[in-house]
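Chain nomenclature is as follows: A, B and C, assigned in order of appearance, with residue numbering initiated at 1 for each chain independently.
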Amino acid sequence: MPISLGELATRFGCDLDGDPDVEVIAVASLTGAGPGNICFLSNSALQQQLSSTKADAVILRAENAADCPVASLISDNPYAVFARVAARLHPVPGAVAGVHKSAVVDPSARVADSAQVDALAIIGERSVIGENVYVGPGCVIGADCDVGDDCRFVANVTLPRAVTIGKRGIFHPGVVIGADGFGNAMTPQGWVKVPQVGGVRIGDDVEIGANTTVDCGALGDTVIEDGVRIDNLCMIAHNVHVGEHTAMAAMTGIAGSTVIGKRCMFAGASGTVGHITICDDVVLSGQGMLTKDVTEPGTYASSFPAEKIRDWNRKVAIFRRLDAKDRRTNKLAKGDS
Amino acid sequence: MPISLGELATRFGCDLDGDPDVEVIAVASLTGAGPGNICFLSNSALQQQLSSTKADAVILRAENAADCPVASLISDNPYAVFARVAARLHPVPGAVAGVHKSAVVDPSARVADSAQVDALAIIGERSVIGENVYVGPGCVIGADCDVGDDCRFVANVTLPRAVTIGKRGIFHPGVVIGADGFGNAMTPQGWVKVPQVGGVRIGDDVEIGANTTVDCGALGDTVIEDGVRIDNLCMIAHNVHVGEHTAMAAMTGIAGSTVIGKRCMFAGASGTVGHITICDDVVLSGQGMLTKDVTEPGTYASSFPAEKIRDWNRKVAIFRRLDAKDRRTNKLAKGDS
Amino acid sequence: MPISLGELATRFGCDLDGDPDVEVIAVASLTGAGPGNICFLSNSALQQQLSSTKADAVILRAENAADCPVASLISDNPYAVFARVAARLHPVPGAVAGVHKSAVVDPSARVADSAQVDALAIIGERSVIGENVYVGPGCVIGADCDVGDDCRFVANVTLPRAVTIGKRGIFHPGVVIGADGFGNAMTPQGWVKVPQVGGVRIGDDVEIGANTTVDCGALGDTVIEDGVRIDNLCMIAHNVHVGEHTAMAAMTGIAGSTVIGKRCMFAGASGTVGHITICDDVVLSGQGMLTKDVTEPGTYASSFPAEKIRDWNRKVAIFRRLDAKDRRTNKLAKGDS
């Protein structure tokens, strides 16, 4: 449904430089836009795309407005305004109340009248599904789960048991929340499984990406606080605690019992060992690995950028010789000859 | 169904050294073979296995034919000939036309008469399924997907929405194509989700391994070109573009908007940061991470081989001291004392 | 169901220091415990939690008994005893014999009378399901599988074909066992798929974590021996052989045809290249990568701990200069100037 620039400016608190009656109908990129489109410019590296855009309007910072050939919506945070405009123009379809005839809902479950349980989905014993929740095709919500209002399980999400989720969560296909943590005790006869009796507690406004796994606690719960965003193929182990508004890019792994602060950001394929505490506002770069407590906010790293293999292998060889060299020097210094 | 060596030689363009009327019925390894089996020798490191093979025939290079105790099919590319012979002897079962009575097909979907929709599979609104497509058990093909002829979705594959696929694709269990990319705008109140409105376009002859995820574009599409092969547990982020015949081994991760050339090869657990461009014919070794544009074909690396932890830790300690040493030297050079 | 300390001591071979008639009903952590709870103390770093515990009993080593304010169950391996006590107090619900009316079982499959096939699960052609097996909701057991007694497939597990499993296995949601390995032969026209005709053989007492993938063999089988424990999001490639009681933490990847010994332990995000052999009792630390045969037991490593990015980048820069420095030194040494 189209919306006028004037209404967007009012609704999202922007200054408008242009005709308030122009209507836009869809978001687009600066280079891909045409009539009816609205774009954003947030990264100044893309500023040269501005002059040739065919969009009807661009959301941008005041400093870029003079260069904009079309209408401008001016904001200090163009990307956030764009996010809200896009959500207005491209709303996710809401739940259509009802249970599909192919779904299987346990008689002891309580599903809100306004919730939708789609084809071939399953709701287990004693589970509670809140208002306007969408349980997509093939999802398995196991026993003793409690799902807050307005959550969305896209498709084929699995919650085996004992997961509590707040409001407005979004869970993408293949997500598994509440499977057993990895607990094993060694004996002379081999490993003995340690039963994982805890659950998972997830706050409001959490989004978890495709094929990510969040294990249940061994004793006590694994906890994901409000506003956390986790990308695809991440691993949150048993009894991890992730603080508010922390974000993890794809393939991040957090080992058991580690406590992560608020507003942390993990780049792709990074992670931590278990049983450590990371303070608020820590950023970890790609493939980085935190191995001990972090008490100071800031950015941390431990990976190397790739280079031509011949150059790389030469460096690795030198690195390996450093050790022998170092020991030789030390021996000399000690007069060991 | 058995086939004669003569027919195999003719069909796959090999020279035959042996009786053309001998029939083979199954492929095997050189050491595991028995009567009726055909093997290949491609890696000369395995040449010593040739003399004792119990196979009826071996596909190999001319240079190895003299050492072969049984019939030889001679080719410059024995592994590719073997692949084709194996496909002839062990064909994947084709689609058996029809929709299983437990499947759920939206009335607005169009499924070709020759396609098979297996048990408990789902076809969503407006989706189009081509000729001879196999949609395996538990698969969810969401709304607005377009699947080309002869594709095969093995089982429990999920395409939430808006995925276009060419012909002859193979998608293994747990694959998720078209889930939302990871787009979030920070605000004082926390993250705001950036709607992901693009789709995914996949070319012909693409194969994607178990539990791999390919996200939809934020604006515009994520693109996988013809002939790409992706192994298990890989991550292709939003708006990535993967060029023809590129191959990625397991656990490879490509961050958002990165453009990968043709015929690249990513070894296991390797990856790239986002927003970079990799030219054609780049090879990245295991656990390697590309962090900037690559303009020159060749092999790149950035990982270390494991060694005994005591030796490794000593090297890491020296590496960490290099920094202090370097600063001391620099200070001395500058006369800072 | 509650159990007395006396019975626990007898059943699990502990010395009891306390009233044998006290009954406990649930496990808990030392700090989270209350009346009716039993805890353990295994890690002496947590010893200070002992004095204030509100539990009714603690399983611990003799050396800690004097400091225990409540009843003690004394054992050399408190964690293993705890695992067994927890399994007694929190038993996994067993199979409830029968096939759910929404499940789809091929007429040629043989399902033991005592097995349970839960809602919307699928059993394929010729597959055999043993006594007391639980096939959870949404699971797909494909054709030609053979599942031993007392196995448990929690939910949405997929075995596309030809998987043989021993007794008492536990398979968490999203696990895929037996999908095609990554076999491709290059030709001038692009990749040709190499059919993967082997299967997977899994021993007794194996547990595999959520969203882990184990590929079928190319020729011959992929093998997981008895007692192996694999965490979430791991990758076992075609024709890998994993020895008894080996454990792999999350995100471990083993490339094709590699042979892993017995009682090995892989920490998170570690892995190996393909076609190597790792002896028994090898430990690989987090993010480590084994690149060649290992013939000596012990611990191996190849990753760096993260530090502040400014410090890290300075070290990386020095590392990169080492190469030029080394070549300059060598040139000087050779008199090349």
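In this section, a residue touches a chain if its C-beta (ideal position, glycine included) is under 8 Å from a C-beta of that chain, and two chains touch if they have at least 3 such contacts.
Keep in mind that this is a model prediction, so the values were computed, not measured.
Comparing the contact residues of chain B and chain C by number shows a mostly separate set, under half of all numbers used being common to the two copies. Overlaying chain A onto chain B using CA atoms gives a rotation of 120 degrees, to the nearest 5.
Computed centre separation for the pair chain B/chain C is 25 angstrom, with centres defined by C-alpha atoms. Looking at chain B, one finds that residues 102, 120, 138, 156, 174, 211, 233, 251, 269, 287, 303-305, 319, 322 touch two or more other chains.
Contacts from chain C toward chain B in the complex involve residues 102, 104, 120, 122, 124, 138, 140, 142, 156, 158, 160, 174, 176, 179-180, 182-187, 190-195, 197, 211, 213, 215, 219-220, 233, 235, 237, 251, 253, 255, 269, 271, 273, 284-285, 287-292, 296, 298-305, 307, 311, 314-315, 318-319, 322.
Within the complex formed with chain C, the chain B residues making contact are 26-29, 32, 77, 79-80, 82-84, 86-87, 90, 92, 100, 102, 119-120, 136-138, 154-156, 170, 172-174, 205, 207, 209-211, 226-227, 229, 231-233, 244-245, 247, 249-251, 267-269, 286-287, 303-309, 312-313, 316, 319-320, 322-323, 326.
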